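Each of the next two complexes has chain A plus one other chain: chain B in the first, chain C in the second.
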Partner chain A sequence: MNQPLPFINRRDFLSKTIAGTGAGLVLGAPNILRAADPGSADTIHVALVGFGKQGEVLFNCLRNIPGLHFQAVCDISAFNLKWGMGQVRAFQRSSPKGYADIDDMLATEKGLDAVVVATPDFWHSPHTVKCLEAGLNVYCEKMMSNTIDGARAMVKAMEKTGKLCQIGHQRRSNPRYRFVLDHLINGQKICGQIVNINGQWNRSLGSSQDIGGEKLHASTIVPDDVLNKYGFKDMHQFRNWRLYLDLSGGPISDLGAHQIDIFNWFLGAVPKSVFASGGNDYFKKREHFDNVMCIFDYDTPQGGVRAFYQVLTTTSAGGGFWESFMGTEATIKISEIASSSAIYREDGAPPWDKLVERGFLKRKPAPPKPPPSADSVKSYESAPPEGFDLPGGFNKPAHQPHLENFFAAVRSNGSVKLNCDARHAFLSEAPIYYVNPSALTHQPIVFTTEQLSV
Partner chain B sequence: MSTESEIESESENRCPCSCTCRTLGLIYGALLLRLWLAVRAIQTGIEKYAGTLASDQPVKIDGVANTQDLLSSASAKEYALSHYHGVPQGLVDKFKAEPLMKSYTVMDYTIDPLKIYDIILGPALVVLGVTILLGIASRTSLFLLGLLYISLTWGLILIKQDDGISWLGVHMILIVMALMLSHYNRCTIFKKW
Partner chain C sequence: MKTQLIVPTLCAFSTLLFTACEKKAGTSAESTAAPEAPAASGGSIGGVPLVTTLPPELIEGTPKPIKVPNLEPAPTKAPEFRVPAGTELLSKGKKVTGSDTNPIIGTLDLITDGDKDAGEGYFVELLDGFQWVQIDLAKSSTISAIWLWHYHSQKRAYNAVIAQISDDPEFKTGVTTVYNNDYANVSKMGKGSNNPYVETRYGKIIDGKGTKGRYVRLYTAGNTSNEMNHYIEVEVYGKAS
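Now for the complex of A and B:
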C-alpha cells in the first residue's frame, strides 16, 4: 500500500541535510585513519622504541594501519621523545606515555602487545630480547645487531618466548619482490638458470656526509651522562652511530644487508663463501670502510651462482640501488624504486607473448635504436635483450606492507606467518657479518656450519 | 544604357531560386561560426573541471587476482567541481613572478587579480559559450567573449607565449567575422543586443 509521504518543508530539509552531512564529515571519513579505540578488544597496543629518523619513517607507515593504539614512546633524546609524542598525540588525539629508558617503560606500562624498535643497531638485540622476554611481540629494524652473537640472542629469545619477532627487511613484504619470486623466478622460471647476481647501493658524497655538524641547537643536545649511560661517547656518535665500529656494521650492514638478504631469499640458499675488498677511499677518518665490494659463492640445486655486491658511499654513479638476477634466459633487475626495475629476455630464449597475455609481464616500449658507430665490431655484440616490466606495483610507503604483515600476525596470534622472522633473517644476515672481516684480512672466508647457525 | 560587360555581370549574379543564394550562404556561415565559437568556449570551460581519477586494481594472472597484492594503476578522466582549475598550475607559477600580476590592497582589501581570474575564467567561458550557442544576446556575448580572449592574450604576452597569442588572434578574427555576420544570425532565443 502506498502511504502518504511525510511533508518536509524547505527549512526542515536544509537543516536535516546540513546536520546529516556535518555528522558524516565529523564521524565518518576521518575514522579510518584515526588510531583505534584504546578500550576495544581488537586494538593492538604499541610502544615505539626509538623515534629518530627511522622511527619516524616507521610511524608514518604505522599510522596508516587500522587498529593500532600508540601507548608509549621511548627515546633517550628529550628532543626526539617530545617530537615523537607530539606526532602520536596529533594523530590519535591522546598523548602516549613518554620514557627515556626502556626498562622503565617495560616496568610501568601494562597491556602492551607489541613494540617497534628503531634504535641504533647495537641496541637492537638488547632491546628486542628485553621486550620478547617481557612477553611482547617485536618488530625490529634490520640489521638485527652489530654482532652476530647479538643476532643469535634475538633468535633464541624469540624461540624461547614463543613471541613474534619480525626483522625489518621490508622488501620481503614488498608486493613487487614477492611477485617476482613467486611468479617469475619460481613459478614461470623465466630466468632459466640463474648464474650470476649483481647488486649495488651507490650513494653520492652529498648523501653520505656526517649528520649534524659542529653546532647543534641546544634543544637537541643529549646530556653527556645520558649519552654515556647508553653507550655513546658524544653527540657525534649519537647522531652518526652508523660510522662507528662498536655501534654498527658500516655501509655493508646499513645498506647492503637489505639487498644481500634478497640474494639469499630469491636463491633460497646461503652462500658458501665470501671474498671482499674495502677501503677508506674518501672518508679517511671513518672507522668503517666507505666503499666495499664483495663476491658471495653459492651452490644451488641449479648450479653455482656468484653474487657480486658493492656499496659505495662516494658516488651515486651506476643508477643508485638495485639487484639484478641474471639467468641464461632472462635477467630480472629489481629495486625498491619501481622505475629502476626491468626484466630482459635473452636473445634466443622462448618468446614471452603468452606470459604477457596471461598477465605476468608488461611489454616495455622498445628504446630507440642507436645509430651505427664506426668503432663498433658487430661480431662481438649480442643482440640487445627485449625489455619488459612488471604488470603492476603498489601504492604504499615502502615499509608499510612489512609492518602490516607483522600486525596481521600479531592479531591472528601467529596463524598469519611473518614474512621475515628473526630465524629467517638470521640465515640471511649471518654471511654479511663476515664481509668486513674478509675485506680487512684480504682473505676469502669459507663458511662453516657453526658460523652461519644460531 | 548598359554596356555589354555590365549586362554580362548582372546575368552571372542573377539567381534562379526564390531566395538569394548569397543570403542563405551568409546565414549558414553565421550559424557555423556561432556553433564553432560556442563549442570552443563551452568545452574549454568544461575542461577546467576535468581531473584524473586514479584507481588501483589487483593484477590478474589468467584472470585471477594475484595473492602478492600487486596492483595495476588505471587512471580515468573525470569531471568534478573539485577538479576546477581556472589557470593551469604551470602558468600560475609564471604569472606569480610577473610584477603586473601582483596583488594589491584597496581599502584594507587585498585584491589578487590572478586568483579572481582563476575563479571566473571557467564559468565565464561556459556561460558565454552557452549564450552564443542558444542565441541569447549574441552580439553582446560575442563581444564579451572577445574581451575574455583579449585578457587571455594579455596574460600570454606577459609570459611570452607567442604560439598561444597567435591562436587567440585567430579566435578574435572569427569573433569579428561572427559579429559582421550578425545580420544573418538566425535561430536565436533573445535577438536584442
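Now for the complex of A and C:
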C-alpha cells in the first residue's frame, strides 16, 4: 500500500539526526536573514489556513524551511488571525494579508503555490478540496476529516486536479521511523516475524482539560454570528471542537490516528477487522469517549498480526505515547520521543554485535542485577530481552521533516514523492473511522473492501 | 552600563500581611520538563511573607525538552519569600514600555493589569531576539521583590532573564542588575550567575534587595520552546519613597 520510500542511507541518517545537545545558547540568525525573498522565482508562496494551536506548531516548523514566503493567513478568529499575521511579520518583517474567510482569500490572492491547512477536523475536507480545486498544493493536518466520506472527497480532489496533497502523519517523514522501517525491519529483518503490536497514547488529566476554562479573555471571543456561520454553536465548541461528535472523531482520531497509521505503514497492510471498547468513565459530559481500547487483526505475508491500541485521557502512565512491534527475535519500541525508543533482542536471537559495530544500534548499559529478595517467589520467566538504543537523536521539531518533504515535492515537479499523500493516508486512516462504531455497538467489525475504499 | 553594588535589606518584623491566597488551582499536569522540588525560600531576614494570588494551572500541548545547563528544579508550591513590613504592590496598573512597540499579540498593559491567567489573550508576545519591557513605578522606590510570570501554560525556560532597576528611564546610568541568568552572554551585557528556571503558575520571585529606582526593566532572549518573548504579569513590590 505504500509508495516506495526515498532512500535514506545510514550515514545521512546519522549526520542529519545527531542531537544538538550542546548546552551553550546561541541566538539564531535574525529572522529576516532566514525569510525568503518574495520576488525570487524559487520562492514558494504559502497561505496559512487556520492559526490556532496546531497552526502555530506548523508555522514554527515552516519558518525553518528555506524559500517560503508567507503571503496570507486565514482564520475566523480575529485573535488567531492577528496572532498568525504577527508571527509571520516577526519572521519575514513584512505583514501578510489577513482573511477571515477562505473563499475571500482564494478569490483575492494571486500567485499562491501552496496552502497549509490546520483548521478543525470537520473543516479539513472542505478547505482542502477548495484549495486543490483552486490549483493549489495542500498540506493538511490529520485526521483527514471527521467523516470517511470527507476523506474520500479529498482523495478524489487530489487525483482529479493533479495537485499535491500531503496529510500530516508526520511520523512518516521522521528519520528515526524511516530508518527503523527501511533498515531494521525490512533490511535486516531484525524482528523476525512480527506477531503482535502494542501502542498507546496516555495523556494526563492535566493535559486533557477543556481549553479556555471559564474565563475567556475578551480579545479572544469570536462573535456568535461568526461562530454559527462556520459551524460552531459557541466559544466552547470553537476552542474544544475535539470533544464534539459532529466536529471531530475524538481521542482515537485525534491521538490514535498517528499511531495506528504507523501500525499499517510498518506492516504494509490494512487490518481485516477491529474490535473496540470505550467509555466516558471520567469526563462524563463529553460527547466522545474519554478512553478507548481496540484490537486490529491483520493478515500479512508473514502471517497473522494482532495489534492492541489504547488512548487514555486520564493518565500518562506507561510512558506517554509509543508504538511497540513485537517479533519472534526482537521488539522495537518507537516514539517521537528518543528516550522512549529502543530495541530489545530476544534470548536466542542471532547476536547483534556486528550491527552495533556498523552503527545500526547502540548497546544500552547493562542494568544492575537486583539482589535476591527474601520475599521473592520462584517462577519460570523467560530471560529478559537485551536492550539496545536506536541510533541518533532527532534535533528538529517533530513536524518539520514532513513539511520539508511536502515543499520538496512542490518544488521538484514530480521527482520527489510525498511521504503520505491523501490516497495513502486514506488507506491507513479508513479503519480508524470504524473504531468508535465498534465501541458503541460492542461488536467487532470485519471490514469489507467497500468500507476501506475511496 | 554601570552596575551598582547591591546591599541586602535587613528589616524588622511587621504585622502587615499582604492580601493573598492562592486561587483554587485546576488539576495539576504531569510534566516532563524538569524534576520537581520544593520552592526555594529567601528574602529579607525577619519581615513578612510575600504572598500573592496565584493563577490556576493551565497546561496545554506537549512540552518540548528544555536543554539548558543548571536548570533549577520546577517548584511544586509557591516560593517563600520575606519582605520588609510596609511593602506594597507598586506596579499594578503602571505604565509599561518596551523594545517592541508593536507586539505580535497582546498589549504591554497586560503586564501590570493584575491578571495572571495563562490562556490566550492574557499575555503579550514580543518579537524574537533580545527584548525588554520596562515598568514605570511613577516614583523612585525601594524595591524588595519582583514577581514575574512570563508564560505558564507550557513548561519552558526563558533565555537571558535579566532584571535591572534604575532611576534613569534610558538605563544608561545608575543601573542595578538584581538578576541575571544569561549564562551564554547572548545579551552582551555580561554573563549572569543565576540559573535558568522553569516557568510555572507559581511565577519567579526575584530579590529586589532593597534597590532604589523608579524603573524596572526586564530582558529575555526567547525561550526553550520558541524564539519569542512573553509576559503575562509582573508584580513589583517595595516602598515608594
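Observations on the structure shown:
Heads up, the rule we're going with is that the second predicted complex is superposed on the first by the 414 of 454 C-alpha atoms of A that agree within 3 Å, B and C clash if a C-alpha of one lies under 4 Å from a C-alpha of the other, contacts with A are read in each partner's own complex, and residues count from 1 in each chain.
To be clear about the criterion, a contact is a pair of C-beta atoms (placed from the backbone, for glycine too) under 8 Å apart; a residue touches a chain by one contact, two chains touch by 3 or more.
Just so it is clear, the structure is predicted and the values come from calculations on it, not from any experiment.
Counted by residues of chain A touched, the larger count belongs to C, out of chain B and chain C. When the two structures are aligned on the shared chain, A:302 is found in touch with neither chain B nor chain C.
Judged by the touch definition given at the top, the superposed model places A:64 against neither chain B nor chain C. By the document's definition of touching, of the two partners only chain B reaches A:394; chain C does not.
Look at A:79: by the touch rule set out above, it reaches chain C but stays clear of chain B.
With both structures placed on the common chain, the touch criterion links A:273 to neither chain B nor chain C.
Once chain A of one complex is fitted onto chain A of the other, the partner contacts of A:147 are absent, as it touches neither chain B nor chain C.
When the two structures are aligned on the shared chain, A:205 is found in touch with chain C, with no touch to chain B.
In the superposed model, A:178 lies in contact with chain B only, and not with chain C. By the touch criterion stated above, chain A contacts chain B in their complex at residues 175-176, 178-179, 182-183, 358-360, 390-395, 401. By the touch criterion stated above, chain B contacts chain A in their complex at residues 56, 59-63, 66-73.
The touching residues of chain A, counted against chain C in their complex, run 20-21, 23-28, 30-31, 53, 57, 60, 79, 82-83, 86-87, 89-90, 204-207, 209, 211-213, 215-220, 316, 320. For chain C in complex with chain A, the residues that touch the partner chain are 26-30, 32, 56-62, 67-69, 103-106, 117, 119-122, 125, 127-130, 159-160, 183-184, 186, 221-222, 226-228.
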